[in-house]
């Protein structure tokens, strides 16, 4: 599905991201590559790569070089904007999300949050599931009644420190 | 860990729930039962049961009878508050959540939401992961560096209708 | 499905409604009546009746008498709370709604609002669809792929006055 | 009513949409076409087309080609901004809406939301009316006391999954 | 239209008012008196009296005595709650108002506010229309196409002090 | 008071209006005309004209031609931005207003809103004062203690439809 | 002006204060004392005393004893609620204030805040006026055109520490 | 301390002010003048002048001419932006203020607002301190323990009109 | 400083805590014990103990027994409310805090947050300081110019997981 | 780690800062200097320097000269933007922070704020920890289980003035 893409760089959420993020999305479209193909090229998972495309993760020097090569983006430009001296400012609003895809995730917290908290405490004790030491995966699960999205958070349990 | 529990029924989130929800939590503590044990007794999953304890799911008549029996709560009281004529008012605030366990889930949306949206569109097209036709599961994944929480949303993909 | 119902009158949205609203819901459950049956008994539509149960519409003296008779609620109590001297305080929060049923309606405004505005202007000119001189109806439309909800707003077009 | 239109592209809601959306509105004005005429040209309904003009729906390749032809907009530009690699970011604020046309829809949720929820539950059980598998139609209903707007949401009922 | 009225004193806006406000409304209903009749009895205007019933204006000792006499409310109770030692806490939320009657006034500010500001400046210079030295009147203006509400604010112009 | 005016077009509220609105204000200043003089030239009232200058009302073709002539603004430019294909997006924030002139109007709703609602219901029954079928007028009322602003809303009463 | 006062203790701002605050206001009214008379009795200023009546300042043991004596409130009750083990939770909402007296102060910050900041920096350098080491006084200044309120904040300048 | 100053005109609060405000601040810095020196040159007080620099006050023609002369800013430019046809849009956000100097003023309202209201009512009756007919002064009060800021609001008392 | 304390249990923040929290504070006052003395009695730090008094930390069974003994509170009551079956709902609003002590901490984030983030990244790389695996200590540091508060957060650095 | 950095100057938080702040960050990256090295060059601490890079602190003339020299930025440009005539507008939103590093600090206030307040009052009496006369330090504390961040606020205690 290689084809061009032109993003309104001054619209949300792009306006608050390094301009390189728009360039990455446009390069990906031009190449017709999926997140998974890019992920394989740099040795990461597709969701992590997508997060990085939205300025939510930080490339190592090596990953940056591979990405530059794969998407044919000049290494210097990429390094200047997303390299060693850049740190992600994470969190992309608005909240509550207006987009229905995002809102459903938010609704998951709203409706099942207390249940999740109760079960985590019951199974692990007083603490949290880390969102820092956490992997996020998405899988397509075939189903005759309509395929399903498996969205998996795999986060370390962190017990509350007492002092 | 059978032991008593006394909940402040006028505090959040209990103040906006049927009083029976507090009674359920107290009965569970008295019995020393886990959500999983209750779930097995009524033929459901532990997270779904926990959600129901917080007024976020609706029991069938049969499930209600089993729950009444298992937790030794009078069937009439249970049916009057959570039975056929009651419908859940879903969604328990505040948002953003102040509790760190809940906040981490919210942060998951804030940080990884756009990446999840991008990957869902790439894999499924224009549509959403349903939060209605959706199961939520929590598993404990042993890990020598600290056990991990697997939080899994398994929701049907719903393509956008065009007309 | 006649059965008892006990509502937490100090929870939302009941806390901000006349206590009679809770009594109406409980009487309806006790009688096992549908909104449509009540509507027929007082000569109104089911959605209007449901709105009145939530304090969003005002009964005439005649309707009040019929309602009192049908639900076996003392006329004096009903008249004192919802009679001639009472005026609805319309609008039941919170907004954005946390309940998914309500949120989907809100999402309809968020996603299709501008399109609806554009088509109304194209078809009618500068003005609005009245939400005062407006009927709301809900119909069940059978469909082999899953029955559908028809939600119909039938509101008078009001052109903007110029002066 | 063919005539020119010049939109302030940096004002809301255009600032957060692909620039092509402004071009579509200006091309429509230049051609003097109605949403319905455009809809017929691409094989869709007028409200869906209006939604697409505000970045809330996604064209197929075939629809895009027809739209390009009908409005005489270069295919490449249209495809680059609204084509295969673009996904709608749905939801156009602010909420509550300040425009009276939009606000009346919002007021519909505020005033009749609980009634609609109650009737849906009574008729369908525990679940929601989908806003994804949903059509929206607007019809002009002549009335001697002033014509009326029929606004119809036709959405699939989705029962809550239990697990 | 003499008839009883029973107000939910713990609902908004009554919960944040002196309990006497509810008593006043109930006494008014019992007597079947209009705001205008009460106003004449104490020598004030009907809108001012209505404002006072909602805790937004302060009675003089003489007015309080007349009100006590007219509505047959014990003078001591009235004086203890609304007398010399009580000062109004003005302003009754929520904002934006959810009730359509109140919202239309709010919409008046939203839509015509800048125009009103521009005309006031043009006619009076730099300053404001006082909302303290201000009378509010409501008149019914008969009209064959439907009677009209005349809502009149008559406020002193206050020029900005320069120093 | 003919004199030049230069408005910061990217500041609020101008940023969200058609650029022509700034041009109108600057042309008015250059001509030294009052809103009333413009109103007479196009056959409307001064407050309506001021509202139109802030993008809150829609000109007919004839009014647009007269305005173009009176303010010496090219007809084509005016028609492209505010003509037949343009529809007002009404409502200019922020709310609560920060400007004291606007805030006093808002305070009028906050302090006298419930009183106004109560008196409207008493005089007219269940319904609202329309803000669509509504005229707004401002008059200067001489007063030896300081001239007064008469701000008059003349809106049709709309009874709530029952169905 | 000795007279009784009965405060709605569950209304704002009293609901979030120690119940003794209501008792203090009622005792003050009963005694017919002004804040200034109480201030003299305990050796403080009237504004400080008023602040303490609203839970915004802390009495020393000696002041508490004098207050108990002057207002004839049992020393033990006073000490239990406002004594050594109690610490003020300062700040009484809502913000923006809805009451016009409070709002005008807020408007002072909104309109003159930047000017005050600019002049403080010019006269004192980089730092702030302390609101902790600060006295607040109110004086009545006679004026033939209407008496004036002198509201004086006398706060220590605190230069920003550099390290 | 004559020196250059370059302000980011698109940052807050400058973005919502006439561009001339930035020019005034830069001209003041270039000249090395204090607000007091400018005030003396145009016959006003320093706080008023600072307020005018932030678009919160309106110059007379004569003051404008003097300001133009003193700061060596072309009269025409100044008149076009801040002259007879310009009216202040007062109020500069955000609220609550994030800057500590402004926040302390806001905190003054939050902590001492109710006390100030109570004392004003006790001394003056039912009414407000005007923020329109109000002077604001700042004085430096020497103190061996650290100099103090005297911030004085001198506003006319406005009694509530009754009608 | 042994003395009684009576807390308004329905005021914030107590209303949303287990009632036992109020009992703990009252028992502490009665005993005249400091947080440090209680901390020593149960083998924890004073800040952790204070956090637990506000429902923000969870006691082990052993700590609960010691606390019960030290403060002479019946073990059963304590265990029922704060024991094994209770889990903290952390986070006590409002935000921004209105109390000046809390606001200064909030201001620390507002003013120094970005600097802290920048230095953490520079010293540790991409990750966060854990607020779960974190100790908080407060020390009094004597200083001739006024004693100082040392507030120390000692939190584990958590690097962002990549996957 | 000398390397280039290119910051999106129109994204947050840079958009509301003097453009020089971006230049400082880019110069720092180019030089490959740490905040600590810059701090040593101008005689300040690294956190203070980082705060200054984000527009939250004010350089003296001497510090400015040293900074200009060390980072090879023209003195005039630096002085014009951050010199004597510039005053910090402190506070960089949004709040609650969306970035996890900042949010954890905010969570510290949310979870431990009341405990910190309670201990400060117990140890120091009625007053606050100053955030103006306050140093902030960050140290890396080695730990075999993962190094720790020591974040230290060292602020003067300010007792509440009574008057």
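Think of it as A, B, C, D, E, F, G, H, I and J in the order they're written, each chain with its own count starting at 1.
Rule of thumb we're sticking to: a contact is a pair of C-beta atoms (placed from the backbone, for glycine too) under 8 Å apart; a residue touches a chain by one contact, two chains touch by 3 or more.
All values reported here derive from a predicted model rather than from experimental measurement.
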Any chain in contact with subunit B as well as subunit G: I, J
Chain of greatest Cα-centre distance to subunit D: G
Length of the line joining the C-alpha centres of subunit G and subunit H, rounded to whole Å: 25
Where subunit D and subunit G are represented by their mean Cα positions, the distance between them in whole Å: 54
Gap in Å, rounded to a whole number, between the CA centres of subunit C and subunit A: 42
Mean-CA-position distance for subunit F and subunit C (Å): 34
Numbers and ranges of subunit A residues touching at least 2 other chains: 47-48, 88, 90-93, 96-100, 103, 107, 110-111, 117-118, 121, 128, 130-132, 134, 136, 158
Which pairs of chains touch, using the document's own definition: A-B, A-C, A-D, A-I, A-J, B-C, B-D, B-I, B-J, C-D, C-E, C-F, D-E, D-F, E-F, E-G, E-H, F-G, F-H, G-H, G-I, G-J, H-I, H-J, I-J
Residue numbers on subunit D that touch subunit B, as the complex places them: 44-45, 47-48, 57-58, 87-88, 117-118, 121, 126-128, 130, 132-137, 158-163
Sites on subunit J touched by subunit H in the complex: 15-19, 76-77, 79-81, 83-86, 88-93, 131-132
Residues of subunit B defined as touching subunit I within the complex: 1, 3-8, 10-12, 25, 29, 94, 97-100, 103
Of subunit G, residues touching subunit F in the complex: 96, 98, 100, 103, 107, 110-111
Contact set on subunit C toward subunit D in their complex: 13, 34-35, 46-48, 50-51, 53-54, 56, 90-93, 95-97, 99-102, 104-124, 128-131, 134, 136, 138, 140-141, 143, 145-158
